[in-house]
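Below, each structure is written out as structure tokens.
Here come two complexes built around chain A, the first alongside chain B, the second alongside chain C.
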Partner chain A sequence: MINMRRMAKRSEPYVFGAIVLLCLLIQVQSKQFFTGNNLVDLARSMIVPALFSIGAMMVIVSGGIDVSFPAIASLAMYATDRILLNVNYSGNVMLAYAMAAGFGLAMGAVNALLIGVLRLPTLVVTLGTSSLFTGIMQGALAASESPVPPSILAHGKEKLFTATNTQLGLTSDMPSQILILLGALLLVFLLLRYTMLGRGIYAIGGDEAAARRAGFNVVGVKVFIYCFVGAMAGVTGMVRASMMMNAHPTNLLGMEMTVIAAVVLGGTRVTGGLGTLTGTMLGVALMIILSNSLILIGIPTYWTRVFTGAVIIIGTGVTAWQAGGSGRRLASSGTGL
Partner chain B sequence: MKKGLVKLLALLLVLAVATPLVAQVGKSSKPSKDWKIALVPKDSTNAWFVRMEVGVKQYAKDTGLNAFQKGPAKTDAAMQAQVIQDLIAQGVDAICVVPVDPAALEPVLGEALKKGIVVVTHEASFQENTMYDIEAFNNADYGAFIMDNLAKAMGQKGLYTTMVGHVTNASHNEWADGGVAHQKATYPGMTLLAAEPRVESEDNLEKAYERAKELFKKYPNLKGIMGTSSKDAPGVARAIEEMGLKGKVFVSGTGLPNENKTFLKDGTLAAATLWDPKDAGYALCSLATKILKGEPIADGLNLKLKGYESMHFAPGSKKVLLGSGWIVIDKKNVDSFGF
Partner chain C sequence: MSDNSTATAAPRIAVPRDRNILRLSIFLAAVFLLMTALRPSIFLMPSNFNSMMRQFPEYGIMAIGISLTMITGGMDLAVVGTANLSAIIAAKFLLAEVPRGAPPEQALPMIIVAVLLALICGLACGAFSGFLIARMRIPAILATLGTQQLFTGIAIVITNGRPQSRLPLLYSQIGNTELWDFIPLPFVIFCAVAIIIGLALSKTRFGPKLYMLGTNAKAARFAGLNNEGILVRTYMISGFLSSIAGLIMMARANSAKADYGASYTMQCILIAVLGGVDPNGGFGKIGGVTIAILILQVLSSGLNMFENVSNFYRDVIWGGVLIIVLVINLVVDGKARRNGARA
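The block that comes next holds the complex of A and B.
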């Protein structure tokens, strides 16, 4: 177990190295990377994908795959927004987050029931529920872009501080929603590191039968994961709506691929059992820096997809090669697990 | 059972193929007070078409004719066909349609034409079973119009670039091309940013905002962005506001009034451009009436409405009529639209 985690850790320096190289390239090309406002812009862009990636990482570590979180986030956010608008809500924004988390939890429970209790394949289930939740939003709720209640609007305008770029005099605001990301990271870190539940997530991803024999409640752990990830997705949907000061029903859809790519890039093993929060955050950072710097590097729009694809292939390739390499070393040295 | 279904489908198919282009005349022998003119929108609950109905009601009031709007409760091609079927059964004299899916409506519109009902469409330039199709504008001209707004805000000089939803989106790129061509011909003081002549917003407010921030960091001399997707202008405006570039950098583009209200009012966004569904609704009814009266429909058609005073056939078409029905939304009129 400990050896496995150490092994996963070994792919992190490579991702970190890739980030450093990319940052230097951007700095050389634009002279704008290491400026206060650019760093704030990047941190801001990371909030939503990073929140999603925490949940996606937990699911992948447990041996599953979830593609329904953008649909859960969208429906939870949109339903909350519409209800609050209907009652002319003007109270605390915490209620909005709690409601979105509640809706997300309910939708996550559907996944949990199908995957944990009925033992259906995760990809098939989440593809299905993703379509189901999107359908409810577009059919039953007839979703279209809508404004947000005044308290969420005010929350969206809150900023922790403003960074100024001394060269160009440009300013960028750090949104207060970054605190939610930091809170979620701390919570999940403690959960994975110090609780039996957290150990169980790694254990069932490593070998489900062995985990069961070791005394883990496999169904319970799975039900927990999908409910928790659903609730987190709901909160993330509300984070996005408040940051954009607008409830857009479809604007998160399609994000699952970027997020899963970032998680895998960060060294989480797709077959489960391995993965760290540090690696995941590095993976997200690499993807976000990349997608927010192509203009800074000076790559014309027509070539951005080629460049992005190349970085993902090289990045995951190095990670996979590294994992394979350590496996070989491990085998030849005969230490085993 | 199954065979019967196949036969029925085959029959429908034959009908659909056999019926188009019957009786292009359409002149009604009834007195005009008995005419019933129906407009079928894509979706009667959508704000865009709620606005269109205002135009239809206005037309009925102005002319005293019986013009009304009746549409499906949601954007659904099958439901829309049903609504048209019902209207045919009620014996309306003219049907104006904004099709959800032009191909899906061919059979039912063919049936209407066969029964001598006047059929006109909007936003359906490839519709077979229609007498005429009205388009609010020519794409290149609309792009030139967005460029005029940007040039005005920039004082006709400086570096600019264009933003589209996707580089593969036909109309956005036609608008952007039209805008760039117009700039080259009319505003020699302006230059297109050669390194990034076209940026993608992915029709996404967040992306438009992020791309704009990058552009302003990388190209400090950039003075303007011409947006095309309805998400471009509000996204760029947010970036301008946050980065403290108000009054130094400008944006123009397509935009819905409600979405841009804040930026128009505080001056971050000089003007958003749009075509008004109310005018399109009015123009459709007006065209249907002309056909019912038996008036000739020729190039240069005047529907007596701003933007639709001199309509021209699209190149190579005898059905598609282009207007210049765009409007500017600014600080002063943004509250008057209701959508």
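The block that comes next holds the complex of A and C.
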């Protein structure tokens, strides 16, 4: 039996309620929400933000904040793409994913060294590395939009099924990359739930000193987080390239704000120690439905930024309010680095 | 009571920090000499100094604002959004109230009102961020991440994302005035801001309160400080300074747009950290921040002299310098702290 009092203190039910209300509102306004192709379109546009949000959630749970993942994803994807194009690669797409993950891991290791080992503030470090990686991509590699190798192109065209909207004659394909998202969710779920490493992520986010005394290797856990998140960002970059069927160096940049907003909205506590994959996915779903469907209810797209901002403020405000009252939160009123 | 404790603490803190300013000055001199040696014919030209004095005030003023919030242990990621929103409100007002080709005596009062509106907008934006941080207790990074989106969003909505140009000529004429045909007005404004904020930190009671809050918020509260009030005031100052920067940007570009200066946030944080402001709060001086601004401007103007160096290398250099400075500070401060503990 679900403990109702505990449920009322969590954010997932509220986010879920907000999603249901929003969906009904859009359905009433446009009659186009609960159509096969719209739902598939929403799932399609959720894949990349959802993959990013898994990593962002792990970082925030551990008490940090990472803004460098779009830069890591872009550089890892672009470098992989260029190397494969140069050697006229035509083999399996798995190598492309492995390479992108490798590049991502290497860049994540830079963050891991600075944050985990040298204990520098996470926001400042990741702002710096973000600028560094973007600069390397656009300066040293002189990145511009470029094609992808044939195997990635073929992978991008794979679809699981096609949904048709008979009323409007529109069709939408469910991309096979959604399997990568599901795989990542399963992997991270098992990691966070059943391994000591996963419990360590929650422990150091809750109270680092206590986690250390309880015997967790705090440095090791942090190094793991940033390396893992870097590798995931690399894979996400490749997912994006294959879905778009070209390698665009800059169109992932700037996504960090929406992703962090979604994670926080999903009930991940901004000071660390608390957060679930379910909540994170609900948060992403809400953000995507908001930005994709504003147009369906007749709100012009340039309102998106206002909504993103409002959602971050309200979402973080509610979480902070729930956590409030305890002196520890008050004392750290300015920090959160 | 609180005054006593800071008075005894101040000299002990001041020693390594003044060494930091010395270190920064040497670094500035080195960068300056390097650029002079590489391109003496261009770099030492008066026109180069003039253009440097035009460029840095807008981000320099924002960097001072961010530094103040970082001294409290916070962060203001909304400076650029605040600057653009303030400029757009001033621009909208000017476009509505001053007909095209209006004589200066008709335009001037409206320009004064527009500037006041922009400054009020900056104060309001800062007050809102401060309210979220101090009262709602949202961590500063996330609160200002949200307000940055919100302010930029509002700016986009009220302009439909289009630049607001064709402003009264008089505005950019005033904004681009040069004293003795050499010193640009924005530079004078920057100097005034740096001196006033520097004095506020070192000579008024606000300064020690800010450092105490940043060093240990709980101790500051138990010492009887009104933490919430100080935080709200700090973010209001940051917002006010951002709106000044926005007005300068508007004069330089002769237009206002929702996405001007997007790279300034990162640059301002870099300046603050380079200038010796501790991102965890409690440390930082305006003198150091000012030298850091000059270092960045000399580096940036120097890079401009080489046409074949892509602009994107600047991102690499900024990011790299930020991380290197963090590591150097860590090593030096770590040593100082260990020495301090022994003594």
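Heads up, the rule we're going with is that the second predicted complex is superposed on the first by the 291 of 337 C-alpha atoms of A that agree within 3 Å, B and C clash if a C-alpha of one lies under 4 Å from a C-alpha of the other, contacts with A are read in each partner's own complex, and residues count from 1 in each chain.
Here is the rule we use: a residue touches a chain if its C-beta (ideal position, glycine included) is under 8 Å from a C-beta of that chain, and two chains touch if they have at least 3 such contacts.
These numbers were taken from a predicted model, which means no experiment stands behind them.
*Asks:* Between chain B and chain C, whom does A:A142 touch in the aligned arrangement: first, second, both, or neither?
*Replies:* The answer is both, since A:A142 touches chain B and chain C.
*Asks:* For A:T171, decide between first (touching chain B), second (touching chain C), both and neither.
*Replies:* After superposition on chain A, A:T171 lies in contact with chain B alone.
*Asks:* In the superposed arrangement, does A:L160 touch chain B (first), chain C (second), both or neither?
*Replies:* Neither partner.
*Asks:* Could you tell me if A:Y302 is touching chain B, chain C, both of them or neither one (first, second, both, neither)?
*Replies:* So A:Y302 meets both chain B and chain C here.
*Asks:* Using the touch definition from the top, say if A:I65 reaches chain B (first), chain C (second), both or neither.
*Replies:* Touch partner of A:I65: chain C, not chain B.
*Asks:* By the touch definition at the top of the document, which applies to A:L186: first (chain B), second (chain C), both, or neither?
*Replies:* In the superposed model, A:L186 contacts neither chain B nor chain C.
*Asks:* If we overlay the two complexes on their shared chain A, which of chain B and chain C does A:L123 touch? Say first, second, both or neither.
*Replies:* The answer is second: A:L123 touches chain C but not chain B.
*Asks:* Counting touched residues of chain A, say whether chain B or chain C comes out ahead.
*Replies:* Of the two chains, more chain A residues are contacted by C.
*Asks:* For A:S45, is the partner it touches chain B (first), chain C (second), both, or none of the two (neither)?
*Replies:* First partner only.
*Asks:* Which partner does A:S30 reach: the first (chain B), the second (chain C), both, or neither?
*Replies:* first
*Asks:* Of all the chain A residues, which ones make contact with chain B and with chain C?
*Replies:* Chain A residues touching both partners: 139, 142, 302, 304.
*Asks:* Could you list, by residue number, the parts of chain A that touch chain C in their complex?
*Replies:* Residues 65, 114, 118-121, 123-125, 127-140, 142, 257, 260-261, 264, 270-271, 302-313, 316-317, 320-321, 324, 327, 329-337.
*Asks:* Which part of chain A faces chain B closely enough to touch in the complex?
*Replies:* Going through chain A, the ones touching chain B are 30, 32, 35, 37-38, 41, 45, 139, 142, 144-145, 147, 165, 168-173, 240, 244, 246, 248, 251, 292-296, 298, 300-302, 304.
*Asks:* In their complex, what parts of chain B are in touch with chain A?
*Replies:* Where chain B meets chain A, its residues are 45-47, 74, 167, 195-200, 204-206, 210-211, 213-218, 220, 242-245, 258-259.
*Asks:* Which bits of chain C are touching chain A when the two form their complex?
*Replies:* Chain C residues touching chain A: 69, 72-75, 132-134, 136-143, 145-154, 156-157, 160-161, 213-214, 216-218, 221, 227, 231, 266, 269-270, 273, 279-281, 310-320, 322-323, 326-327, 330.
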